[in-house]
Amino acid sequence: MTRVLPVLTVVLAILAIWYAGAVWMNAQWTRDQAARAGQEVTFPDILRDTMVQDRPVLPAPHQVVAELWNSTVVEELTSRRGIVQSGTLSNRSLIYHGWITLSATLLGFLIGSGLGIVLAVGIVHNRAMDLSVMPWAIASQTIPILAIAPMIIVVLNSVGVTGLLPKAIISAYLSFFPVVVGMVKGLRAPDHMQLDLMKTYNASRAQVFAKLRLPSSMPYLFASLKVAIAASLVGAIVGELPTGAVAGLGARLLAGSYYGQTVQIWAALIAAAVLAGLMVGLIGLIQRQALRRMGMAR
Amino acid sequence: MAPPVIEAHALGLTFQTNDGPVHALKDVNLTIGKGEFVSFIGPSGCGKTTFLRAVAALEHPTEGTLTVNGMTPDAARQARAYGYVFQAAGLYPWRTIAGNIRLPLEIMGFDRAEQAARVERVLELVELEGFGNKFPWQLSGGMQQRASIARALAFDADILLMDEPFGALDEIVRDHLNEQLLQLWARTGKTIGFVTHSIPEAVYLSTKIVVMSPRPGRITDVIESPLPRERPLDIRDTPQFIEVAHRVREGLRAGHGHD
Amino acid sequence: MAPPVIEAHALGLTFQTNDGPVHALKDVNLTIGKGEFVSFIGPSGCGKTTFLRAVAALEHPTEGTLTVNGMTPDAARQARAYGYVFQAAGLYPWRTIAGNIRLPLEIMGFDRAEQAARVERVLELVELEGFGNKFPWQLSGGMQQRASIARALAFDADILLMDEPFGALDEIVRDHLNEQLLQLWARTGKTIGFVTHSIPEAVYLSTKIVVMSPRPGRITDVIESPLPRERPLDIRDTPQFIEVAHRVREGLRAGHGHD
Amino acid sequence: MLVARLAALRVQGSLGRALRLAAPLIFGLTLLWLWEAIVTGAAVPRVILPAPSAIAERFAASTSILWVDFVQTFVKGALSGYAMGCGAATLLAILIDRSPFLTRGLLPVGNFVAALPIIGIAPILVMWFGFDWQSKAAVVAVMVFFPVLVNTVEGLRAADPMQRDLMHTYSASYWQALWKLRLPAAMPFIFNGLKIATTLALIGAIVAEFFGSPIRGMGFRISTEVGRLRLDMVWAEIAVAAAAGSAFYGIVAAIERRVTFWHPSQRGRG
Amino acid sequence: ADDFTLQLKWVTQAQFAGYYVALENGFYEEEDLNVTIRPGGPDIAPPQVLAGGGADVIVEWMPAALAAREAGLPLVNVAQPFKSSGMMLTCLADTGITGPEDFPGRTLGVWFFGNEYPFLSWMSTLGIPTEGGPDGVEVLRQGFNVDPLLQRQADCISTMTYNEYWQVIDAGIAEEDLITFKYEDQGVATLEDGLYVLEDRLSDPEFEDRLVRFVRASMRGWKWAEENPEDAAMIVLDYDDTGAQTEQHQIRMMTEVAKLTAGSDGTLDLEDYERTVATLLGGGSDPVISAEPEGAYTLDITEQALAD
């Protein structure tokens, strides 16, 4: 209860603000419509209308929930393409699109955080890498991927790499950087005495790494991983656009956007946020376990 | 006399800080033979820790020469010539006490069974049986210090460098550990460098007492102890002992500048 | 007698750890009057630090009652009733030594000029003149400890709780600081709780010596010192002093279980 | 390799600083040279990847456009969004830290905001805040929010127990403890967040322009010129972005070095 | 079967119905072709995909194709299924705009990414600067939807007769509340949605053969789609993997598209071509193309395709 109550409170507060925002932002449209039709509107009219608009500026939460429900459960259970009738996930359901995005995200996250850790280890252990890699890692992040993503995909396609991998590469491209920054800091976090102790044992670099640097980088690593998995998701979604945006939450968002379907955009957005929340939460869980085993959780 | 294990010639070490250089050591000459037990005593800030760290190749002298076992300190470190007990316990917070003690053993490649046996033995030596599974922050200050001593004793280095190892211990445990250390030393013939603030402790343990004074850190007196190697605790009441202690106190006082 | 400043009744404190509860304090009864100088002595791990921390409201007793100035420890803390010197120096690495000492003064809202004056004064008291601009890691262990003592002395709390403040200091500085502390105490009438491992120090400083023993941590003896309040350093050679010291040693030994 | 050799030299003083600049430069020049060689050698169509020399030429010819775009996107969009996002995240982190109730309530919810994908929010924010830089700043603010939040929350937990106990004995108020202990101790973490956020800010500002913009700005230019197959101009913009982003990062890192000089990761790295 | 890849200019929708119909109904198969259709998107430049070897043939607008040709990518028009332009500028009537003379001082939404050429030509024909100012128009880069109009961030936006216009209507704005300017009516229409290939590949008879078969099947698809708009829309819907399209909208789009493809058998009408080139060359200081293009089209392919 002590865990649920605060979350519940915050969620309720957000919902309240959301509803208020929906009324406030959608009211203009209601008034415009009435003005075009030459009618008077009262506040209750506005209240009623702003909750049910087809193309609201800000859809009301229940509209989004309804859309989420329709595009997951209802779609899968009852539609012609749903899993019940066709045996495969419907390409109109958020479950299908979420899965496409999730798989690219996870693959990208694995590649990205792995690469990030490897680079950080290199930077901490090798002066040449310290001097030359970091500035370019930074520069790489300042290149707007959405601009080069299509080129990456064109190039990868022309060498025969298609499917999940191009998206995962873009997602890795975004996620490796937070890991590098955090890990470099973390691997350098041991204090002098802790390092000196290792020196007196004449520990090899590998040993210093495994027994000192790695454990003391854990808090930094986990903070970075949380940021990285979120970045991976963004990367996967961005990567979905230039593949012709045919599947995945990114495609859903974009398609919703072409046709001005705000409710659909918000539903996909919420789905993406839920995915992100779950993944960040999962990393938090692993973090708590790891730190507890390391005696760091007090 | 045995061949020198540690030899310092005109040793100097200067730290550069934000407001000017600090001469932590200046013109230090000292020879320590194999099997000697040398104590360093002196006011705080006189360079005791710095000297020990230089021997351990944790600091690099800015002047003079320093050899350990006839090699540079770095080479000696690479040969794993010594165990070091730091002034602060410096246990790794993510390892249990046993894990901390096991650390050097893992690094030096002892096998599992041997590791466990040694951890068991040194825990007993410092009277921490039963605390192996606790984390450092669950121990009192003195217990942490003992754990760090145990860690340095766990592998058998020929040279032991100990920086105020018994500072946070009460008299009784201290006496006990003093005796244990003497026994260990007699049994193994290790060379020991030992920083302490207790004059009786220095006299009781050492074959040689180095008195230092600060600003700049230098050696003001080196006292060879006339006491026999075999030392029961009550040797501390003999006139010989009191005589040496007196000399040390005088040396200290001179370095201090207080009346 | 003065009204009690610290009063413990049947105090108990148990830590829950990954492998079972640790009884750090059990059935502790103690009354400390205003202006008393009380030393705590006992083997490591007997609960001295824990008791001091409980008084400072840094730990919360699991049994019994504890009052400070007739209030709960928490209320006393909020009234800023005491200064605390930790067993480890615990200086903030991003502040210079002077900055560390200034910290409590800033928090308690002293004005600028007053802050500077006080920093100056306590730096002198602990003989760290000229080190105000250094950062903690640029100081030796003993100097750090003195800086942390200066930090606790900088604001004038009525109660001083000191956890082995002089552990890392040599005899001469220690004697000097002992004298200073006694003078301060005589001048200001502070109530002082003082953890030490040195029997002579405890006897020299205290009006009351509390001997503790571990597992579970409890009080085994409370010795009221018959020594006069005025104590020159050579009081340590009087038979009265040696008598008290002997009693403390006996008490310690009994709690220890060693021969 | 040369870089390794250079780095192996004991680096000291101003020579050291020169070397620190030289190493990445040499590395970069090598990359550029490889790029030029491959593009000309393998006759890669210039609508796919132009040669560095062509990019440089275009750059020199278009400085005024590049400047206008830079001001629109970086100065107006990215910087203001960065300031707002980082500020808001720090404040929320403190709020979260202040109240255990909020820690348990807001943090899990905050995680959801984490990955509100830019593709999703950019059109919405353009709809809400208009076409000009304000909507870009809003996108940037949302993008940088999470990394800064996570790192700050983590950092505020980083003060060690004894350091906290000291504040306790002073009966320091929450704000005093925050100001004098928690925030300084959190700085290494906060700067992690701030550094990551610098690069995100630029990406955010550029990408947001893909979803509607006035007819200036780096994102506008990039996507328009891709459509016109003038890839040399695209890369000239990318070069500006990379230079601006690196400089931005460098400035934040320099501030970090000054603020967290005491942290082991900075100490002893002159 | 021979592999053949088509890159579309935009996402899967009835605008490209002919190709999907040909695929679904097996017209390509009958020509012994194994066709892959790649949907486009907001940052896919079909000419770039073509240059990168990602496609054999692309759907592109002629202004962009000619501009690309000038930029050094030799695109050649091989077929022109769309006879007329579907582009228009849609304004809210209550802004008071009644004709092009009211444009100065207004904010207009325009698609960029190579789609701005028709607009820029039109403006330079009208002599209205596009850099803002009292005599010029304020140009907004319009996103992928009609929000700028609905939110009143722009006075007019670009729309296609078959798509965005109806989105505005669907959003609840009545037709009489809108003023539209069709590029066709303004005399500045340029050719849209032609099929383009790289020039050097045409010299490969093998490729030419495949292309002929592809065009033949595609045109069959288009004609079928014109006759069966509803079925065509359903086919398109089936190929839409995003699941974002609605039946109603696609059927209406198909109906509108059919009006644009009507009158073309795939052969490029040289008159239309000349008019497009003239529009792009004409007027203003910054024409889209600076010289009369040469070899920018070939009639060979359609000739062969329609031979029997």
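Per-chain numbering from 1; labels A, B, C, D and E assigned in written order.
Methods note: a contact is a pair of C-beta atoms (placed from the backbone, for glycine too) under 8 Å apart; a residue touches a chain by one contact, two chains touch by 3 or more.
Chain identities (UniProt): A, D = ABC transporter permease; B, C = ABC transporter ATP-binding protein.
Not measured: the values here are computed from a predicted model.
Minimum number of contact steps separating chain A from chain D: 1. Each step here moves to a touching chain, and the least such steps from chain C to chain D number 1. Across the assembly, the mean Cα position most removed from that of chain B is the one of E. A comparison of C-alpha centroids places D closest to the centre of the full protein. Distance from the centre of chain C peaks at E, each centre being the average of the chain's Cα atoms. Comparing chain pairs A-B and D-E by the number of C-beta pairs in contact, the larger count belongs to D-E. Once the centre of each chain is set as its mean CA position, chain A and chain B turn out to be 54 Å apart. The geometric centre of chain D is 38 Å away from that of chain E, both derived from CA atoms.
Mean C-alpha position of chain A lies 35 Å from that of chain E.
Annotation: 85 Å between the Cα-based centres of chain C and chain E. In chain A, 57, 146-147, 150-151, 154-155, 192, 241, 254, 257, 298 are the positions where the chain touches two or more neighbouring chains simultaneously. Among all residues of chain B, those that touch two or more other chains are 88, 135, 137.
Multi-chain contact residues of chain E, defined as those touching 2 or more other chains: 42-43, 45, 48, 52, 143-145, 147, 151.
Every pair of chains in contact is given here: A-B, A-D, A-E, B-C, C-D, D-E. Across the interface of their complex, chain A is touched by residues 1, 3-4, 6-8, 19-20, 23-24, 26-28, 31, 48-49, 101-106, 108-109, 111-121, 123-124, 127-128, 146-147, 150-151, 154, 158, 161, 188-189, 192-193, 195-196, 199-200, 202-203, 206-207, 210-211, 218-219, 222-223, 226, 234, 238, 241-242, 244-246, 249-250, 263-265, 267-268 of chain D.
Chain A meets chain E in the complex at residues 29, 33, 36, 54-55, 57, 71, 90-93, 97, 146-147, 149-151, 154-155, 157-158, 241-242, 244-247, 251-252, 254-261, 264. Those residues of chain E lying in contact with chain A across their complex are 11-12, 38-45, 48-49, 52-54, 143-147, 150-151, 167, 170-174, 177, 241-246, 249.
Looking at the complex, you find that chain C touches chain B at residues 15, 17-19, 22, 41-46, 48-50, 87-88, 133-135, 138-143, 145-146, 163-164, 167-174, 176, 197-199, 249, 252-253, 256, 258. Every residue of chain E that touches chain D in the complex is listed here, in rising order: 42-43, 45, 47-48, 51-52, 64, 67-68, 71-73, 112-116, 130, 138-145, 147-148, 151, 153.
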